[in-house]
């Protein structure tokens, strides 16, 4: 359940309104890496995260804070758009806001594209979602930084500095949440990659161009077991595709908070039975198929009804 | 500022999960008339409504409640999607949710279209926005009704009945907010329509078809001063387009809450100078151009900073 | 069947072309509240309205007129875009129109977003659709008003005043069509809301903010039987969610034109059997479940074929 | 100006409704190659075609007919969707139509994607637009053919055969309109391609694959002056990119109807001054820069106002 | 399999960067008729074209070349956007590129709309796809021409002239590929149109307007067997819709390369059994239903596995 | 420049075609985390990466490999869709592919949504882009894993195992590329966050719910300097927003490959002058504003033209 408190998380104080800058700011209101995108991504991930209530709390803490940030950005934009309604030149700077929106904010980015859920990255796999969130925070941080670079107004800069700082806070929190799961490096989900071919760095772009480009080397070709493989195109052996023979056993799921499950958890039973593919007849399984140890929920699809509870 | 309380506004209690029904329910999660659309439409209208703080409070009350409804719908869907993750047949019912989303909810409608801000109707004109909201509540009500028609599960029906009922509550509140503005009937915004031609009902679809259709009459051709006009196509006089000569004076703005303005109001000064078109040289103005009596804000773009306040 | 007559519904006469204003005008050509959106919304609602041929006629009358308006707006824009093709500065004002469109109009809004059917509100429920149309006309009216505010050209203003006036005409007609259905106030569709909880106005946004906001009162909390309820967050009792026990009986369908049904009506039989949910075993029904009195169509899915008819 | 006649262009007569086939039919209602796309593409091209009123008439004739086809397809779909509203199994076949649309048609394709103007191809260049229309008719024809393949209902087949036939009619008309312009083969717009390099067919996909693919030859490498050129990748010389030195003079505009121009033509003057690039200092122009002989319009942006005319 | 060579297909050399022109150029990077659209349309058509390996080679040759063009356009844009990152005025010219993209290119068009696959025209019917490609090349050509018209920079013009020239090359190749299929004129796909009605040109737009429009004649009403038919609206007989009686037999498939089929061809068997509709009981078939002579593939869904092959 | 080799990177060998599984596979062809999204994201990031040619090579190596993967997925889908064209039941499984696409693949996801560039995350900031790529690889891996879970066909599993394995390879390479930049932990871009407030973990979701949720603790509240702060809502002090006073100095840019810059680098000069905000008068700068040491490029916007070079 949500509650709104009639106070901005950061109070805004600007000098001269700058319509065109207000327009740029829309990128963080209704843009791809803006506050609504952050709020929705984390909140919905949290609602889906019924197996690890501690990290669900994290996702909802930060998702809710982003909603409060959306409100702050909206207030900042409105102050900069002050002249939009009556000034023709200003109006041309953003016809959509002026003509269709009456000078108010709406869920558009800086060029008037409507916000879309296609911006979101929600997979329902906790460690994957945390990686998506780490990247999302990094993107939001860099957008705030660029906005700061295009204004001289001290009050505006203060607000943006606040919002930018919080992205780093969240970056730290999501990183801690991921690392504390203690999944091995490069282990994602449940199925293992095929050994050998997983370590082949394929050199698909070659040649010495007239742009100054050459075929270069770097640690990404030799770290973590990787080694470079030349393409058949360039006379190399190509990838060792013959080594693929079915699946390869299971990854560790990582350390989730296991003391407590949501009573609404719809997946609890399902998860304890997943990934039968490793046991499919006729498929070679290199893995040891260890039990993933999910505790069964005996009442997966019924929750203690408030009504019943009071009866 | 927002706060999340770890309790659903309506606790959910379902019988047997029904994956395909869960899919239908997505229409109210990420669909065109769903809860996110309602939450965003009212909330952003509220943030833009800086001249009438009482109705702004209304918009934020209901916008916030819709966020809590979004959470309830999400919980209901998750319980119905329980089998999605492992059951192949169930999975085919919604490949997007299964394969891309891991069985969790996301901001899609019942056929997997990503939510888009194009669903929203936000104009920054209070009386117009309230009409859009009345229509939005009516649409949301009818969608819940249809969902109830396609399930037999008592717990699910209870939840949907709760959500459906609240739409009627909001319909009442928005209607009261509109009527208490006391704008004359059919008066929208500031500019008057041209008399005469405004009352011509144009008969653009005629004939007696083999589908049973005929050219029919109804009160919509004769109420509120309207009278029918036949098209030139059918030998009629057509619309009296010669009667258009410039604008026609101003409409009453309606009764807004005027005792209190947002200190962040970016439009306060601007609005007091609007609509110079009625005084444009060379244009006939039939209106009496009465002052719209907006109180000027002397500090339109500075708000009492929390920081400053504490200094 | 449609016919095009080579005459504009309103002939256009402008002074100096104004490329940037032409750009703003695109909002009413291919924008969210523009003429195509209106034409499509009403026309398709009309095609779906097979039970009430009189109101179907209304929807097609107005839907067709909006198509004629689309043509007028297109002609007006083309005259303003005159310089687009060769003037570089003008071209920058709308690169999409210039480079991709050769200076012609296309189905974009003022910032170049492609028109999408997501703008439309079509539910197939007549009273709900009429409410959506009333709101749509109000929005279109306000957009024309804002366009008038941003030009001084008399010919352009005349054209816009004509188009704006017609929106009020349609607003009257849709209102008459809704009121003459004589549905009780706040009755939408077929299912009744739950008494008691339907009258609880939930106060979800509270506090006294540093923006000047306070928790305010208004008629929307006390009209039509409503009374305010404080959130558990603020120590209040919260909504009386325990009162939800199944559905609550049927609403009146309202007075439709019943003398004549479309021979193509695909829904006639279906509707006479709808809403069995009020009789579901185990569900409490507070309603009196009165017959909704739909006349059965005996030939729901066959129409008098033109071919057959001539045989 | 448009008029609607209450009669379908082709009356529909179906046997047993087939909900899933109704769903497939939506592809031609609100799909990428459906009737609305055709109607909008040709009509708006016609509105933009102010220099050639004869071909403008053609575009509006066909554009208007496609609107009538949209109505026919809509009627056909509605008859097939008859069971959608009450039958749960049928409802699952198209949740969007059922739950959000109440069983009526709307501007979606067969999988529920909202119609978008991104489907349209409108360039404002007459010969190019005609080519786009020829392709569009071919696509619409093939879609109707596939729909016929998936139904056995005679009435439905008759309707689809009618609609499919008309696409071939339009294909003929657009082809005649293009050929009668008498533009030389492969001459598009105003600027000539660079000789030499225009005739080099570049072999960018080579090798003998294990799928049965080999590097093959065909008339497309040797017709119309073309000859194959091997990539540097395969030891060939590559394209003769060194031969590009500025623009190459003008193409013939083609034979347009020149006796009559729209008085609203916004481009008349502009066009007579276009393409100064061929005379840019420092650029080699191989062309002979012949006058394109456009008649100047002396009143490009004023049209005979109906109002003025009557004065 | 793809390989990237570190060399531009056309090396770029510009004078002074022109941020606003860089913005216009985005139309050919991520716009509707831009290089990615061309690359994807032809390439995916090629992957689907498993029955005619020679024309599949053509589609992949040109599709791959368009990818190389995309890289050239991207390099050209980047050079023009040089000032974007730090100059505020320049930044306002494209806020999306500046703030969200850090001055780099991305898959947007000239007004910041994200690239969408809705731009593509892919039907899986070879002759239809070739027509779509001919139209696509014509559109891309005209867009490059307009870009050339808006710049004076010699290096930029050279690059654009190169790209424009190649579109004509591809236009020739696609035309040769279509003509060499030797399908009869106006024969599309497999099903014949209904004789008689296919030749009726319907005059759906009539009248003498005050814009200078009149109801005009042209070769498109009398070529290829066509003759004009007046609408019932204007007292004419209307289309002879009574002549539709089922399907009308098969079209010739055209001459495809038949010596070689892809071993991956999933359609080989299926196609040999298609179009049973011409033989449906109760439907009149005027056609002679000739065998379409497709060679059966005996191993439609297994290909020689690389792994197996080596075993 | 690109070259296509007529050989799949992984040859496909399936048993019985499974139309519905083919449909699921579309998620990795034209879906949000599919192969085109990966190919475009990395490739365009590479084109924008003109300051670090070594990592640009990495981005193009992997971007090109993803294009080859797209081809493999397309071939796999086509084999599974074999029955789509003629089988009605199969056709209903994906009407868009069948009716509009003739059974071929196209750029849609598993529910028929057109691919959109809104899926891409491209910021032009190298370390941020690498984080986005790490997250993208993790998502793609999990989607392949889920696809494997829904099929029993050994050949299909082998292909998917190959593709899944390569995502881990890329995950390793991107991680190595990021780590070798040696940016300090939680340092993003150029501007520092504000100390103090950056370490406050805000507890925005609280309470003990009837779903089993409680307000929980975890390492994300206490790692990396973080400590929890309670909301004013719950009687806590709230965030220390008073501590924001302008910007805070610069972050280290990280270690890029500096020996070699692209001669096309449009940003070289620009970057050496960025981030003047730290020196804005009136703004407190806590940072030490160290030089970021970018080497100037003396020929930012001219590249060695191939033509010139040969002259």
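Order as written gives the chain letters A, B, C, D, E and F; numbering starts at 1 within each chain.
Quick note on the criterion: contacts are C-beta pairs under 8 Å (C-beta built on N, C-alpha and C of every residue); 3 or more make two chains touch, one makes a residue touch a chain.
This is a predicted model, so every value here is computed, not measured.
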item: Required minimum of steps from subunit B to subunit F, each step between chains that touch; value: 1
item: Minimum number of chain-to-chain contact steps, subunit C to subunit F; value: 2
item: Shared interface numbering between subunit C and subunit A [over half = same, under half = different]; value: different
item: Fitting subunit E to subunit F on CA atoms, where both chains share a sequence, rotation angle to nearest 5 degrees; value: 180
item: Separation of subunit A from subunit E, taking each centre as the mean of its C-alpha atoms, in whole Å; value: 36
item: Length of the line joining the C-alpha centres of subunit A and subunit D, rounded to whole Å; value: 40
item: For subunit D paired with subunit E, centre-to-centre distance based on mean C-alpha positions, whole Å; value: 10
item: Junction residues of subunit B, two or more chains touched; value: 1-11, 32-33, 57, 60-61, 63-64, 68, 75, 86, 100, 102, 111-114, 116, 118, 123, 125, 142-143, 149, 204-205, 210-211, 213-215, 232-233, 241, 244, 264, 274, 303-304, 306-307
item: Full enumeration of touching chain pairs; value: A-B, A-C, A-E, A-F, B-C, B-D, B-F, C-D, C-E, D-E, D-F, E-F
item: Residue ranges of subunit F in contact with subunit B within the complex; value: 20, 23-24, 27, 31-33, 93, 109-113, 142-143, 146-147, 149-150, 204-211, 213-215, 231-234, 241-242, 244
item: Subunit C - residues contacting subunit E, complex; value: 1-8, 11, 75, 86, 88, 91-92, 94-96, 98-100, 102, 111-114, 306-307, 310
item: Residue ranges of subunit E touching subunit D (in the complex, touch as defined); value: 3, 5, 7, 9-11, 32-33, 53-58, 60-65, 68, 116, 118-119, 121, 123, 125, 127-128, 131-132, 134-135, 138-139, 141-143, 145, 148-149, 152, 154, 157-159, 161-162, 164-169, 171-177, 179-180, 185-186, 188-191, 193-194, 197-205, 210-221, 223-226, 232-233, 239, 241, 244-248, 257, 260-264, 274-277, 280, 282-283, 303-304, 306, 309
item: Of subunit A, residues touching subunit B in the complex; value: 1-17, 30, 36, 40, 44-45, 47-48, 50, 57, 60-61, 63-64, 67-68, 71, 74-75, 78-83, 85-86, 100-108, 114-118, 120, 122-125, 155, 264, 266-267, 269-271, 273-274, 300-308
